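As structure tokens, the structure follows; a few thoughts come after it.
Chain naming follows the written order as A, B and C, and within any one chain the residues start at number 1.
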Amino acid sequence: MFKAVTNNIVFFINGFTLTLELAILGIIGGIILGALLGLGRISKNKFVYYFVSVYINILRSIPLILVIFWFYFFMPIISGRSFTPFFSATISFIIFESAYFAEIFRSGYQSISKDLVSAALSTGMKHTQIARYILIPIAFKRMLPSLVTQAIITFQDTSLAFVIGLREFVRSASIVDNIEVRSIQIYGFVAIVFFIFCFSGSKIATYFETANKKTGLS
Amino acid sequence: MITITDVCKWYGKPEVLKNINVTIERNQTVVICGPSGSGKSTLLRCINGIEKYQKGEIIVNGISLNDPKTDLYKLRRNIGMVFQHFALYPHMTALQNICIAPIKVLNWSKHKAEKEAMVFLEQVGMGSNAQAHPAELSGGQQQRVAIGRALIMKPQIVLFDEPTSALDPEAIKGILDIMISLAKSGMTIVCVTHEMGFAKEVADNIIFIDKGEIIEQGAYEEFFINTKTDRAKDFLKQIL
Amino acid sequence: MTFAYHYNWSVLWSQPYITWWMHGIRLTLEIGFFAWIIALSGIFIGTLRSSSSGWLHFLPTAYTEIFRNVPFLVQLFMWYFAFPMIFPDTIRIYINHIIGFNYYIAIIALGLYTASRIAEHMRAGLASIETMEYEAALSTGMTRYQMYRHVIIPHALIIIIPTLTTEFLTIFKNSSVAMTIGVAETTFTSYRIASTTFHGLEATTGAMTIYLLLSLTIVKISGIIESKVRIPGMAGR
């Protein structure tokens, strides 16, 4: 039944590998940049705060496809040379997803009560120790479910790199479909693969959330 | 032990603390009371340098908090603190909550810290809850753990910031009993509270603060029976 | 390789581009609005999932999980390319000749996708209501239906209003994916101008501005709505 898929399985695997690479780079880059932007969102420095807020709000109100296009057209102009679609797409994902990760980090940072810091200080702990043993572990545990959820969304979002001709999973499928004309099997297969990964991911997120509820961290 | 001289603090207008002068001797128990927002907790937080003040001087154990050379972190090891809402670390068990500071600050071995911590937990009747997370404990139980967390550092002074005001009546008694025996054992205690039974039993000095100023201070009889100011009389009428 | 780039912002307002833009904006708005009407069924789906057992619990659960965990682009292709294939050739030829087939498919696909997201918000909203409230409603003699209809669902809706606003913004953003099946909405327009004039930077910047203005308008309007339905003591945004 899935002959159109099995006959082209190497092609699909290559596409999926590219999707995974794109997702991993986007997630890691997005989390690092997002953690910093999140700090900017709680900054007492007015300039930093407004700059970061405007950046985040603009990115959150435009479609990802447009961001992908924009970097695809814009990067050659500012740098004066052309880039591979993969590089351009990776930058777009990091920039775009960081705006969403930033809001997760902001609420994670804000969820820690001031008394907790005072309590740690009163036992003689240094600020670096407080950050390492109290603040970061709590914030990270609290944010973990949302971070996993956003990582799943990033993984799904990579399919949109389709539009600049990148041969990721969905583009590979559409190329195969143009030859084989077996849309149900081919896109059905793509949907099942995505579903397995994303559904497992969402179960992991739920697991972390339940664990947090048990320990009173949510 | 603690000398507070002309301390003023402000975020803008009005002042949060105005010309505070207090002397606390070794082994004394001092109760601070006053209406909410009067600056009681702020004064307490100034004593271990968690809050800064703009004017005046606080000397603890002969060390000035103003002195830029003073290592506040080191000073705080000798001053324990207990909070109204417990402020336990939610991601750690009761035992871990108590052990983290001795392990990280005093470089105790994990084994030693846990052994000591168990002694404190047994003392406050929490031996069987060592592995529980704060969310699994009642308010009274959490506060017992929080007291253990302060005491394991072997402090010379313990600051209590309204330790019973978030608790139900049964739990209040348990916590007060622990505090009273602590006071009787000779610990220097500064406690913000409205529990006048506690004040009567152990307080050497009661300080009444309103709008950032010390209105009245004295021993129990002096403060309760021969109350001088109207403001203090009004306040006492409301809480008794 | 280096090359000098000459900006030409007139692709935003000169003819024929302005006509293309207008058409694109109209399609973005239409797809978003019509899909939203379908998507609101998510409120019902989420409630059904939370309040039932057996098949009536399983079906909405399966629906929500499947539609949430497959990328919207793949869903769109399923509807556009795969869905007509289940019909015999005679009917499929007829389907392929429907004018604006891709436009209708975009609306349906986006509506069903967003419905699953709204269903999930509704489930979370209902879960956040305390058991006490259910018991209180039942203790006043209400039936289960009355309890949901008059107490629980209105409460849950108030809780999820901020997330509904976000979804409403998202539906217009997601409508841009319809360009991949050739719907000439705003993003498609910028792409079309990019490929005919080679002024992709100006065109995509123009499209970004349009989405930004659309978002600002929606945020403004929903702010007014939220302040109207806000209940004292319930946390706002």
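The rule we apply is simple: contacts are C-beta pairs under 8 Å (C-beta built on N, C-alpha and C of every residue); 3 or more make two chains touch, one makes a residue touch a chain.
A quick note: this is a predicted structure, and the numbers were derived from the prediction, not measured.
Trainee: Specify the chain with the shortest distance from its C-alpha centroid to the centroid of every protein C-alpha atom present.
Mentor: Central chain: A.
Trainee: From the C-alpha centres, identify the chain that is farthest from subunit B.
Mentor: Between subunit B and the rest, the longest centre separation is with C.
Trainee: Let me have the rounded angstrom distance from the C-alpha centre of subunit A over to the C-alpha centre of subunit C, please.
Mentor: 20
Trainee: Could you work out how far the Cα centre of subunit B sits from that of subunit C, in whole Å?
Mentor: From the centre of subunit B to the centre of subunit C is 54 Å.
Trainee: At what distance in angstrom does the C-alpha mean of subunit B lie from that of subunit A?
Mentor: Here subunit A and subunit B have centroids separated by 45 Å.
Trainee: For the complex, give me every residue of subunit A touching subunit B.
Mentor: Subunit A residues touching subunit B: 113, 115-116, 118-126, 129, 133-134, 137-138, 141, 214-217.
Trainee: Write out the stretch or stretches of subunit B touching subunit A in their complex.
Mentor: Subunit B reaches subunit A through residues 45, 48, 50, 73-74, 76-77, 79-81, 83, 85, 87-91, 100-101, 104-105, 133-136, 146, 149-150, 153, 159.
Trainee: What residues of subunit A sit close enough to touch subunit C in their complex?
Mentor: Within the complex, subunit A touches subunit C at residues 58, 61-66, 69-70, 72-74, 77, 80-82, 152, 156-157, 159-160, 162-163, 170, 173-174, 177, 183-184, 186-188, 190-191, 194-195, 198-199, 202.
Trainee: If you look only at subunit C, which of its residues touch subunit A in the complex?
Mentor: Residue positions touching the partner: 1-3, 5, 65-66, 68-75, 77-78, 81-82, 85-86, 169, 173-174, 176-177, 179-180, 187, 190-191, 194, 200-201, 204-205, 207-208, 211-212, 214-216.
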